[in-house]
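Each of the next two complexes has subunit A plus one more chain, namely subunit B in the first and subunit C in the second.
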Partner chain A sequence: MPPSEPDDDARQVMSADKAAVSRALNLVEDRRAESHARVADLLAVLKDSPKAAGGHRVGLTGPPGVGKSTLTSALARSLRQRGRTVGVVAVDPSSIRSGGSLLGDRARMSFDPTDKGLFVRSLATAGEVGGLAYAANSSVRVLAAAYDTVVVETTGVGQSEIDIVHVADTVVLVIQPGSGDVLQFLKAGIMEIPDILVVNKADHDELARRAVADLRGALRTAHAAGADRDRDSDWETPIVATSATKGTGIDELIDALDAHRGHLETTLQTRRRQGEVQWTLDLFSRKHGEHGVSTLGGLATLKARTEQELDGGETPLSLCERLSREYVAALGQTT
Partner chain B sequence: MPPSEPDDDARQVMSADKAAVSRALNLVEDRRAESHARVADLLAVLKDSPKAAGGHRVGLTGPPGVGKSTLTSALARSLRQRGRTVGVVAVDPSSIRSGGSLLGDRARMSFDPTDKGLFVRSLATAGEVGGLAYAANSSVRVLAAAYDTVVVETTGVGQSEIDIVHVADTVVLVIQPGSGDVLQFLKAGIMEIPDILVVNKADHDELARRAVADLRGALRTAHAAGADRDRDSDWETPIVATSATKGTGIDELIDALDAHRGHLETTLQTRRRQGEVQWTLDLFSRKHGEHGVSTLGGLATLKARTEQELDGGETPLSLCERLSREYVAALGQTT
Partner chain C sequence: MAQDGKRERDRPWIMRTYSGHSTAAASNELYRTNLAKGQTGLSVAFDLPTQTGYDADDPLARGEVGKVGVPISHLGDMRDLFDGIPLDQMNTSMTINATAVWLLSLYIAAAEDQGVDPHVLRGTTQNDIIKEYLSRGTHIFPPAASMRLTTDLITYTVDEVPKWNPINICSYHLQEAGATPTQELAYALVTAIGVLDAVKATGRIPESEFGKVVGRISFFVNAGIRFVEELCKMRAFVELWDRVTQERYGVTDPKQRRFRYGVQVNSLGLTEQQPENNVIRIVLEMLAVTLSKDARARAIQLPAWNEALGLPRPWDQQWSLRAQQILAYESDLLEYADLFKGSEVVEARTQELVDSAWEEVQEVLKRGGAVEAVESGYIKQKLVESNATRLRSIESGEQTVVGVNKYVEGAPSPLIENLDEAILTVDPEVDANKRAELARWKMERDNGAVEEALAELRRVAESDGNMMPASIAAAHAGVTTGEWANLLRQVWGEYRAPTGVAGATVKSSPTGAAAQTVERLRNRLHDLEARMGRRPKLLVGKPGLDGHSNGAEQIAIKARDVGFDVVYEGIRVSPEQIVASALEEGVHLIGLSILSGSHLALVPEVVERLADAGLGDVPVVAGGIIPEADAERLRAEGIAAVYTPKDFELDHIMSDLIDLVDRENAAE
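Take a look at the complex of A and B:
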């Protein structure tokens, strides 16, 4: 049997066929060059899907142990109860050290396996950050063509190596009472201000109140340090207190997500385009390093060109391939 | 006047001439290609200096706000009182966002400017992580040829982009009571176990005792998660409580540093060699990306070759240059 056409695969993904979505994500996790090429073709078709255009990509990040997985489960269940379909990608950066997913966190996620409107995948590409970043970004794009809301969950603080900011419409930072280090990263301007802040494990009123107050102070300092330079200036980061295990605060979180998605309506395309430009530059830099970037004219030139090409209908993966061929050819001419 | 010979420059650095050390560090921060070549020549001469062989390179890391700069000041003063000379490199990762050093931290460092046995430099190469990592690693190597103890201080938690582990003989992680997020990173096995743990701002006995107990528990979990795989198995990470502002615990920290330096005596050369191999691979990967690594045979092959070449007398910077020329030539032949 010949391999199926990208169009067929894409149609099945867009109809939220779970087997097709699963196959597409397997392709994303496959490291062979021919799989990369097929993913590029697939994403080129999927990018104009109605779901992708109208949907919401939520990035959920924070240090380990704050209950991100439990919160993701609770969020997904509540979204399903509201009739929305949900795709989840959980990225496990500890797999880079351990050479495989520990799956400890995943065990805490509980989902109904017969629910056709819910898809959950845990990513743990062993070995290198580059592979994991490529797989996470591509997986979100696959799921965004099939489900109303896509949640990508990853562990990090400060300058995270697996950057979900580029792929998320809305970045949610999850902390718990006592997350003093994250507050310091915010205050120091090293960590970018998220779109929504969640204080999870807010079971005790007094601790939760203090945590929210501390966060509000940290946000003021962060604004003063200029950590929101690249973000919307007219969006005030809401702080939501949740208890994922008790299920409290989840409705408020969904309201905050909807409010931010609504706020983005006019700027969504710009934000996503910026994210695609950044993803293209990341892909190319990981592949060819500083020498690749400087050979093609330096970062500013390459960025301007990427913007132009993506506006002309190119996609990040195929553009990166083309830039790569160009770079190799340029080196061949100079030697 | 012709530029001075590397040998002259190196001799002056080795005699701890402050003006010469300062010139060498300016060269390290200079981004021009000819400066990079001069740094490579300089480091090749400096690497066999008596100070570098017998000295101690201490990496001090931790989240913002835990008082690393004050602690570095207190540590440097105490080392000076014991008659040892000290070089300090403070790396400011927030400069990558802000495009320049905030210098807020540096203001908290207070040193005697007339002291010839103490040199302090703040690094804030604007713009990119690669430049900062190169400058930090090279600066430590310059200072190590001039001073008994070199302290490199940087902000980070988890997978830090500016990795000082490769250049430090001893990695000290500094936290404060309430640094719950760092504990979680340790427990999750995402963060490597340091050689020494410091609980700074341990002014209140009760809080400090609890922080030390929490850390001990986190270390046990981290060991179980295998986060010490790459480190010595027969070194038990000591936990030192300090108050840098009051000056308490600094003697205990120096004792712990000396104990670890003593412990390393037989394995120091191996550890430094591993660090040099890693630095070479990092330099080459940043310059030529995954394509560069795979073109030269993949990471394992490249690592084995780097080990061999460094054993044969090559230095990281000059080997990286040679690998780079080889890669470009290889591409020229295939196109």
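Take a look at the complex of A and C:
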């Protein structure tokens, strides 16, 4: 697949034209088979945009109600003050019964409607289980072509927030004072150590200080237990106390984000590529299980092939589709 | 025993009508005629800009000036409002909350100008911010700052305006947002506890004086159509308040523990269909708060028969006032002692309510109290859920509403032969006139004194002093409502309360035919999704200062439950924000909900801005209190459909919305 010339649509996305960004996001959400080629084309073009290469993709995860949306809002405001543009993807769960959703994160974000440098899109999980939506990955890529920083807010379902590590350059885990569960998960190694830890709702100094101290302890235990993200062991996870409602600690958070982004400079491309590979494999194996993986030659083969295809310009989504078709065809032959 | 017809009568309750509109001068005239009709107190309705701290010249005030109440921007307005009404003899109730400190300051300043000593002033500031976040929606600042204003007002009046009721804890608005009797009791009590705890925490009231503060707390309660249960609820309030004041605050004087309350009867249940029936509902509801002598309301105001149509005219309010007068002066009610003492039935139901409410009080306290339960969205979600259950049972016919889901056939009502004249309309010139007047005021006052007063206000706001004295000084200096509030917005920031919808689930699933309808709607959306590639996405928007959230919330929940992806950002969103959200979210359909009467200004503005943003082809529907003549105009301007309270069948609305998306998709 030759990297196509940016057409008008893509060019408009890259110039952060809101209507174009919105159309592009609508397109990547489109699940109809006939749209897949257009999605793949668009993403292939956007991948090479100047913003995408230089930008920063930040994932915010953490238990429901810790203040992820409020924090995203505060973060976006400060980033805008520093002259950086911001795209936000906010993910909320869909109702299992109806398939519908109430996308409530946006209600917590206050923004200037005339600001061309801030864009917020809500997405529903629509049956996905990893705390993200079907189109979250692609949406991040669209926004990354248009804005300096992209923030992804997950649904906040706790332990199963796994997919975010494949999407974000920097994973921020948000907790609040007194959230014992998270500490336990960290200590027990159930939860991978995030790149940055935020203790939000630190309005009450004393409680927040205690929470930060508790976290330090938990992190030490977790390090000892080897729960670091495997791709990154020389990064020391900073702990930042914030009050999203009062706006305190936000500058420190931005400093920590910048430091992590700086730290990634040499490894960023590998990290993103790893994320894409993992995303593809997860998509496939979630759909077809171990049998699917072994039918297509086992994990190592499949991984190598995925790496190769993605290098060739394929996108995770369409590759997964193709692999699915292969698997189904193979099934047909054996039974 | 007295002879027939010669019994001693109790003094009747205070009779009020909630009113105010257009201008201070026009409202003054209204008050004077109301007093002449035998009304015994005043109840001031302020317009939404005044309630939310904006002057008429603020863009956010567009379409709202003088609409649902009187605009009071400065001392001159307050003087005009009470011109010729001696404030030392008046009992004035002001429905004011976020800006209560400011409006009371203006009132005190106006009294001082009349030569009246504030110590003799009588009346009430509503001043209950908790229920604003939960239901009424005129809050401005975050909870902590708001609670500080609340306690400033209370602690100031204890000595300086000792006959004033500094706060009216409101359960009225909770029932209007769907609360069950248990919830109404429990959330009003936790609010009172939250306020009293906060007053205590200021350290300004000596322990020995605390009973005095407790004794000044009054309540503003609702009474719905299940009037026997409501009667028991009032008795439960009396018992529970006695318990709280004694056990939690150690108040020994029984007088200070008395549950003092005023009432506005239920308006949520008043219908657009066969509106004359509302008079009967109103009278029955009034019985709940008057029959028990031991739990009788101190003040009553009644809605009018045309509640669901629009604002009441003086005659409509007079009809309701007459209902009170007939009960108090014609009937023999006030000649008897408590009618229900010893009634096993009443006592048993009362006890049930006491117990269930107490349990919920403990639950909220366990969650950190009223403020916490507001911030976490816990209470709001409960209310939204109760309201959804209520609506569902009306839609299914499980709960009978005469003229709505039963006995709908009838002779046409002569009262609404000319529908457009059956309500009060406000002259659209009011807005522009007020802006011109405001400009004059600002030019004629001593702006140096204004600057100084504002600087002092800021200094106090940033310290922990009491905001009242600086506000009274600012009132005298000619500061405006918008200036006062904007300054404090700068210092404390603004707050958007949780909407309660995201987590809200409707407990009882539909059964039978209703379940089949929902299933059909879900399948249709599923099909549409397959054809369109994306799940249909609906933006529910509430433009302007309107705080009526029930309709928008219930539409949002229902839409989710039939399978829409729904974006709902809560109340008080500007048309600009709504369009920005529509654009960024890539929605297929926009629904606007407006009940404050500003639809003719706001709906076209949204539509215009949508066209400018290239979203001219996204269908827009509107709902709320929209008179038919206005609905016609809106449809002529491209609004796809207009819904009003009579459209109680949410399934029908959903079916229409799906049709709209389907049609638009087919047209593409």
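Just a few scattered comments:
Just so it is clear, the second predicted complex is superposed on the first by the 282 of 335 C-alpha atoms of A that agree within 3 Å, B and C clash if a C-alpha of one lies under 4 Å from a C-alpha of the other, contacts with A are read in each partner's own complex, and residues count from 1 in each chain.
One rule holds for everything that comes next: a contact is a pair of C-beta atoms (placed from the backbone, for glycine too) under 8 Å apart; a residue touches a chain by one contact, two chains touch by 3 or more.
What you are looking at is a predicted structure, and each value in this text was computed from that prediction instead of being measured.
Look at A:G289: by the touch rule set out above, it reaches subunit B but stays clear of subunit C.
By the touch criterion defined above, A:T266 reaches neither subunit B nor subunit C. Between subunit B and subunit C, B contacts the larger number of subunit A residues. Contacts of A:T114 after superposition on the shared chain: subunit C is touched, whereas subunit B is not. After overlaying the two complexes on the shared chain, residue contacts for A:G65 are found with subunit B and with subunit C alike.
When both complexes are overlaid on chain A, the residue A:G156 reaches subunit B alone and has no touch with subunit C.
On subunit A, the patch touched by subunit B and the patch touched by subunit C overlap at residues 65, 94, 97-98, 102.
Contact residues of subunit A toward subunit C in the complex are 18-19, 21-23, 25-26, 29-32, 35, 65, 92, 94-95, 97-104, 106-108, 110-111, 113-114, 119-122, 124, 126, 245-246.
Subunit B contributes residues 63-66, 93-94, 96-98, 102, 128-130, 155-161, 175-176, 178-182, 184-185, 187-190, 192, 225-227, 229, 285-292, 324, 328-329, 331-335 to its touches with subunit A in the complex. By the touch criterion stated above, subunit C contacts subunit A in their complex at residues 142, 376-377, 493-494, 496, 499, 501-502, 522, 525-526, 529-530, 533-535, 556-557, 559-570, 574, 576-577, 579-581, 583-586, 613-614.
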